Structures are given as structure tokens and as C-alpha cells.
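Below, chain A partners chain B and then partners chain C, in two separate complexes.
Take a look at the complex of A and B:
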């Protein structure tokens, strides 16, 4: 890798790593709270997979000169996180979880598909393995999305409410920070936000049409752009909880 | 063949060391004892997820977070497997998963005393793995010879996983024991909290009627006191090796009998706590289970109505 490209790969990987970590952390809060025991088991596996993916991306970032994975997770202020704000939001009901995870999994699958052509070999190898797991995550939440959409009047109503609640925040997934030029520099123009968003909208619109769910309109730019380090009070709370034990004795081994 | 003859033949099989399978004929008393035992075991595994679950978001390293997440998942997995056994046994009574879960929420089935207790620090999350899972290995290993074959088979797998949990707990405890003064104090505090509940965990020396009957049917084969002695004998040296204090001055080995002394837990208070779900955390944890089960009934109803439509 050319040394002038290092910042570009960092700009690429940090949002992805943070997305995976934060969504998994929020997911792990559902332990013992899923609608039945079987789902508790399946969902927990998915969250553990995602933590593993984040760990892998953080290890690559460390190779590029960033902090250690531990310090990335436990040692950053709110403003230093680059995940999309929608992923840090506190829990709603199961319909909101299903809608969020379905929307995210479609997005992540598209992102990984394009990432698999990356010229940096270690990344390409990891992405190949990650995609095998992510295919199941997407299938899992597609099934849930369909079940709630076609279940009862209540589940359908709750799903529509959840979609309406999430929609204004989803645009934040497709942003890349101050500039997308770095994508050109590393030959990954296909990951441009507008490209990803177009594919995502095609895919999701088709699914929603087949489920007879109304299309809520074009995605808007979010009020807070997580890719620029802008986060909500929910992220403040999340960090307080996540680092509570660690902060109580920062120099200790745990 | 009449009922008395069938029962006599059944008892002959038991005394012969034969194992009973799910579809074999069994006396109703045997079936009910099994349901009682396995149902209680299953819901205890599920309730056991909650004291630790609250520490997953707070786990102080990536490695600990992944391990604790997987451990809590295992406990729920044990609960799920055991409830399936209890569901099988309850089929003649027309009772399934929903009914068995309702029993927990309505207080008709009890869960282990230890899971009524608070886990206020990270050290508690480690000590639960170290002491409670360690204690559970002892009680469950004693059930491996159970006359009911499906239970014995399942316990083999559960015990194997519990020993991973114990090692996880031991690793957390070891890090704290070798850590700073504050970490050691945190650890000692947790040990002080969990020691007495662990004495209660194995049940009274004088066993109750249904425990005696379970011995009779060889559903279990060891007395409460034998199991508690095994626990004390195993953990006193371990705690001493860590440089930690056993919080009971009466814990001493009798040089003649080899028996360990210990202070009796408050049997009356703790029995009432388990019976009435009136422990410090009983209601809060049941509330979490209610949130998962009752408040999300709408999800399970949606799944039932959607299956045919959604499977593409």
C-alpha cells in the first residue's frame, strides 16, 4: 500500500467498523428480551458475529496506524465515533428493531459487495469471510420483516410506525464524511453514497411494494451526521454504560 | 396389566439401573416429579441469564464482552432445551411452552435462590460464573446418572458448557484477584455476597418429600449435603489460593470426620424468598421476563399468522 493512501483506507474502514460495533452493542442489550427463546439464541449469534466483524476492521485500522481495537472501543469520545446516528438510537419495540436491522442488513450487503473488490488483499480476504455470515443476517431479518408485514393487523401497524420513525434517520447511512474523494483514490467509486443509496432504494422499494407497504418518500439528509462525529444524546448514554467498568480503574487489567 | 403391576415392573427396571425413555410408560408420580425438576431447572437457566446480561453492555474489554455474551446465550439455550423436555413430558396434560412460561410469571414454578440476588458490580458477574456455575456443575453432574435418559443426555451437554462458563468466571475472578486494591475489594465484596446464597443453593440437610421421592426413583442419586460438602471442599482451597477470604468463620474441616462445617443459611427467610419471589431482585428480573414474554405476545401471534405467507 502506498503511504499516501493510508488515510484513505482509514476513512473507508472507520465508519464500517463503528457501524458494526454500535449495532452489535445495541443488539446485545436485547439478550434475554427477544420475543421467544429461539430468537434470543439466533439474534445473539448475529450480534456476536457483528462484534467479531468490528474487531476485524479495528485490527486492520491498527495496522494502518490507528489505536488498538480496545482503545478504539473504550477510549474515544463521542465526537470520535463515525457510525451513522440511526444505529445508536435507544430501543423501541421489536418492530423497530426488525425494521432497523432489515434496512441496515440490505445496506451492509451492498456495501460489502462493493468492498469485495478492494485492492488491499487483507481486506478483500476478510470481506469474503464476512459476507458468508452477513448473508444469513440479511436472510434472518428479511424473514422477520416479511413476517411482521404479513402477520397481524397489530404487527403491520407497528412495522409501519417503526418505518416512519426510522425513515428520517436512514439517509445518514450513505454518507462518508467531509468528502468522498478518497474512494476515487483507492479505486472504490462504486461505494459512493449516491450509488449505494440508489441500489438500496431499488431493493427496499421492491420489497415494500411486494409487502404492500407504502413508500415513505425520498431519504433526507440527517440532522446529525455521525460520519462527521455528530451524535445524539443516546450515544452519550451508550458510551457512559459501555465504559462504566473500564473507567472505574482505567489502568487496570480486567 | 393393571396400574400396580405396571408400577412394580417400572420400579424393577429403575432398581436394575435401566433408563427410562420419553415414550416409555411411567407412573404419573414419576412424570410429575420429572416435570417439576426439569421445569424448575429450565426456568432457572433462563432467569440466570438476567443478573449477567446486565453486564454485557458494560463488559470492560472486547474479549470479555464476547465471552459473556456467548455465556448468557448458552444459559438461554439450556433453558430452551430443558423446556422442550418439560414440554414433551407435559404433553399428556396439554401444556406447552406458553403455559410453562406463564407458570414462571405467575409464581407457579420457582427458580433458584441465587438468581433472586443482586449483582451490583462487575466482580459479581465473574463470581456468578465462578461459584454459581461451579455449584451448578456439582448438582448437575450428580444428575448425569438420572433414571430419565433424555434428561441425563441433555445434562451431559449442559455440564460440558457449564465448565466453560466456570473457566470464564475463574478467568474474570483471577484478573481481579491479581489486580489493584480496588479490584480486590470489589472481588471480596462479591464473594461475601454470594457465599451464603451458595450454601442455600444445595438445599437443606434434611431433604423435602419430593427430593426424597426423586432419590427413590433415581432421578437424582446424591443428597443435598453430599453436594454441598463437595462444593465447600472444592472452593475453599480455590478461594484461599486467590488470597481471598471465605466469609464464614465456621468453615473448617473436621479432622476426624473430614466433614466441613459452615454457618447454616437462613433457611426460613430464603425458602420464603424463593416461594414468594420476594428477594431483592426477584420482581425486577421477573419483570424483564414478562417484558420478553407477555409484552411481545403480539410478535409470536404475528409469526403464527404469517408463516404461510412469508415463506417464499
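Take a look at the complex of A and C:
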């Protein structure tokens, strides 16, 4: 890798690593609360997969000169995180979780598909393995999404409420920070936000049409752009909980 | 979300570990439909292995025998004579399978063994 490309790869990987970590952390907070025992097992193992993916990206970032994975997760202030704001939001009901995970898994699958052509070999190797697990995650939440959409009047109502609640925040997933020029520099133009969003809308619109769910309209730019370090008060609460044990004894070796 | 236990079915989970083996029951789980049962089976039982095939079978589709002698065999007579016994080639066979011996070496060792009268 050319040294002038290092900042480009960091700009690429940090939002992806943070997305995966934060969605996994929020997911882990459902432990013991999922609708049934089987889902509790399945969902926690999915979240563990995602933490593993984040760890892989953080390890690559460390190779590029960033902090250690531990410091990335436990040692950063709110403004230093680059995930999309929708992923940090406080919990609603299970329907909201299902909608969020379905929308995210579709987005992540499209992002990984394009990432698999990356010219940096260690990244390409990791993405190949990660995609095998992510296929299960997408399958799982597609099934849940369909079940709620076609289940009872209540499940369908809750799903529609959840979609309406999430929709204004989803645009934040497709942003890359101050500029997307770095994507051209490393040959990954296919990851441009507008490209990803077009594919995502095609896929999700088709699913929603088949489930007879109304399309809520074009995605808007979010009020807070997590890719620029802008985060909601929910992220403050999340960090307080996530780093609580670590902060109790910062010098301890885990 | 209000859950109605009656909407769930119990599925028995069977795994075939490779194409040469029978499907073996590994446990059961509850799921709302067979698609979900297959996904849950993967997450519950097969996180650390790569099975050849997985079956999920609704438990209420299984016909179980009553627990009485009309259906379950009881062996009152001595049927020892039916059982193959008295062979002690297992260690040799094991070594042969581990490629520690050729078939000729096994034959030779057996011949020597007999001559020695052990």
C-alpha cells in the first residue's frame, strides 16, 4: 500500500467498523429480552458475529496506525465515533429492532459486495469470510420482517410505526464524511453513497411492495451526521454504559 | 410483543454430519414456522460445526411407540449365540486404518500369532 493511500483506507474502514460495533452493542442489550429463548440465542450469536467483524476492521485500522481495538472502543469520546446516528438510537419495541436490522443488513450486504473488490488483500480476505456470516444475518431479519408484515394486525401496525420512526434517520447510513474523493483514490467508486442508496432503495422498495407496505418516500439527509462525529444524547448514554467497567479501573489488564 | 405459545410448534432437530451417516437427533426447539426452525437450528446447535444436512421435523409428526412390550422388543431368551464375539482384531484393524500397517503385514502378524499359539 502506498503511504499516501493510508488516510483513504482509514476513512473507508472507520465508519464501517463503528457501524458494526455500535449495532452489535445495541443488539447485545437485548440479551434475555428477545421474544423467545431460541431468538435470544440466535440474536446474541448474530451480535457476537458483528463484534467479530468490527474487531477485524479495528485490527486493520491499527495496522494503518490507528489506536488499538480496545482503545478505539473504550477510549474514544462521542465526537470521535463515525457510525450512522440511526444505529445508536435507544430501543423501542421488537418491531423497531427488526425493521432497523433488516434495513441495516440490506445496506451492509450491498456495502460488503462492493468492498469485496478492494485492492488491499487483507481487507479482501476478511470481507470474503464476513460475507458468509452476513448472509445469515440478512436471511434472519428478512424472515422476521416478512413475518411481522404478514402476521397479525398488531404486528403489521407496529412494523409500520417502526418504519415511520426510522425512515428520517436512514439517510445517514449512506454518507461517508466530509468528502467521498478517497473512494476514487482507492478504486472503490462503486461505494459512493448515491450508488449504495440507489441499490438499497431498489431492494427495499421491492420487498415493501411485495409485503404491501407503503413506500414512505425518498430518504432525507439526517439532522445529525454521525460520519462527521455528530451524535445524539442516546450515544452519550450508550458510551456511559459501554465503558462503565473499563472506566472503573482504567489501568487494569483485561 | 404479546406471544401466544400456541402459535409455536416444537421441532425435533436432526443432523447429518457427513453424507455417509444417518441423521441423528440432537435436540428440539420451538419456532413459529419451518423456515424459522431451520434458522434457529443453525444458531442453536451448529455454531461450531459445518453439518452436511439439517432436518427439522414437527414433533407432533413423529409416531412414537407406546412404552409396552407390544411394540418394544424384550429379550427374555439367551440370544448370546446370535452375537458375533470372540474376535480380537480391533487393534490391528485400527493400526491398519491409521496406515501404520499394510494388509500384508496384518496377514503376516496374524500368521505368526497363530503359530506362537497365543
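By our rule, the second predicted complex is superposed on the first by the 253 of 254 C-alpha atoms of A that agree within 3 Å, B and C clash if a C-alpha of one lies under 4 Å from a C-alpha of the other, contacts with A are read in each partner's own complex, and residues count from 1 in each chain.
Everything that follows uses one rule, which is that a contact is a pair of C-beta atoms (placed from the backbone, for glycine too) under 8 Å apart; a residue touches a chain by one contact, two chains touch by 3 or more.
Keep in mind that what you see is a predicted model, and the values were worked out from it rather than measured.
*Asks:* Scan A:150 for contacts with chain B and chain C and give back first, second, both or neither.
*Replies:* After superposition on chain A, A:150 lies in contact with chain B alone.
*Asks:* Is A:136 in contact with chain B, with chain C, with both, or with neither (first, second, both, neither)?
*Replies:* second
*Asks:* Considering only the touch criterion stated at the top, classify A:45 as touching first (chain B), second (chain C), both, or neither.
*Replies:* Touch partners of A:45: chain B and chain C.
*Asks:* For A:94, decide between first (touching chain B), second (touching chain C), both and neither.
*Replies:* Both partners, chain B and chain C.
*Asks:* By the touch definition at the top of the document, which applies to A:199: first (chain B), second (chain C), both, or neither?
*Replies:* In the superposed model, A:199 contacts neither chain B nor chain C.
*Asks:* Could you figure out whether chain B or chain C reaches more residues of chain A?
*Replies:* B
*Asks:* Does the superposition put A:31 against chain B (first), chain C (second), both, or neither?
*Replies:* So A:31 only meets chain B here.
*Asks:* Could you look at A:253 and tell me whether it touches chain B, chain C, both or neither (first, second, both, neither)?
*Replies:* first
*Asks:* Which of the two partners, first being chain B and second being chain C, lies in contact with A:158: first, second, both, or neither?
*Replies:* A:158 contacts both chain B and chain C.
*Asks:* So which positions on chain A get touched by both chain B and chain C?
*Replies:* Common to the two interfaces on chain A: residues 35-38, 41, 45, 94, 143, 147, 154-155, 158.
*Asks:* Enumerate the contact residues on chain C facing chain A in the complex.
*Replies:* Residues of chain C touching chain A: 1-3, 8, 29-33, 35-36, 39-40, 42-44, 47.
*Asks:* Mind pulling up the chain B residues that touch chain A in the complex?
*Replies:* 46, 49-50, 53, 55-62, 64-66, 69-70, 72-73, 76-77, 79-80, 83, 97, 122, 172, 175-176, 178-180, 182-183, 288-289, 291-292, 296, 298-307, 309-310, 312
*Asks:* Which of the residues in chain A end up touching chain C in this complex?
*Replies:* 35-39, 41-42, 45-46, 93-95, 136, 139-140, 143, 147, 154-155, 158
*Asks:* Which residues of chain A touch chain B in their complex?
*Replies:* The contact residues of chain A facing chain B are 25, 28-29, 31-38, 40-41, 44-45, 47-48, 51-52, 55, 69-70, 73-74, 94, 143, 146-152, 154-155, 158, 241-242, 244-246, 248-249, 251-254.
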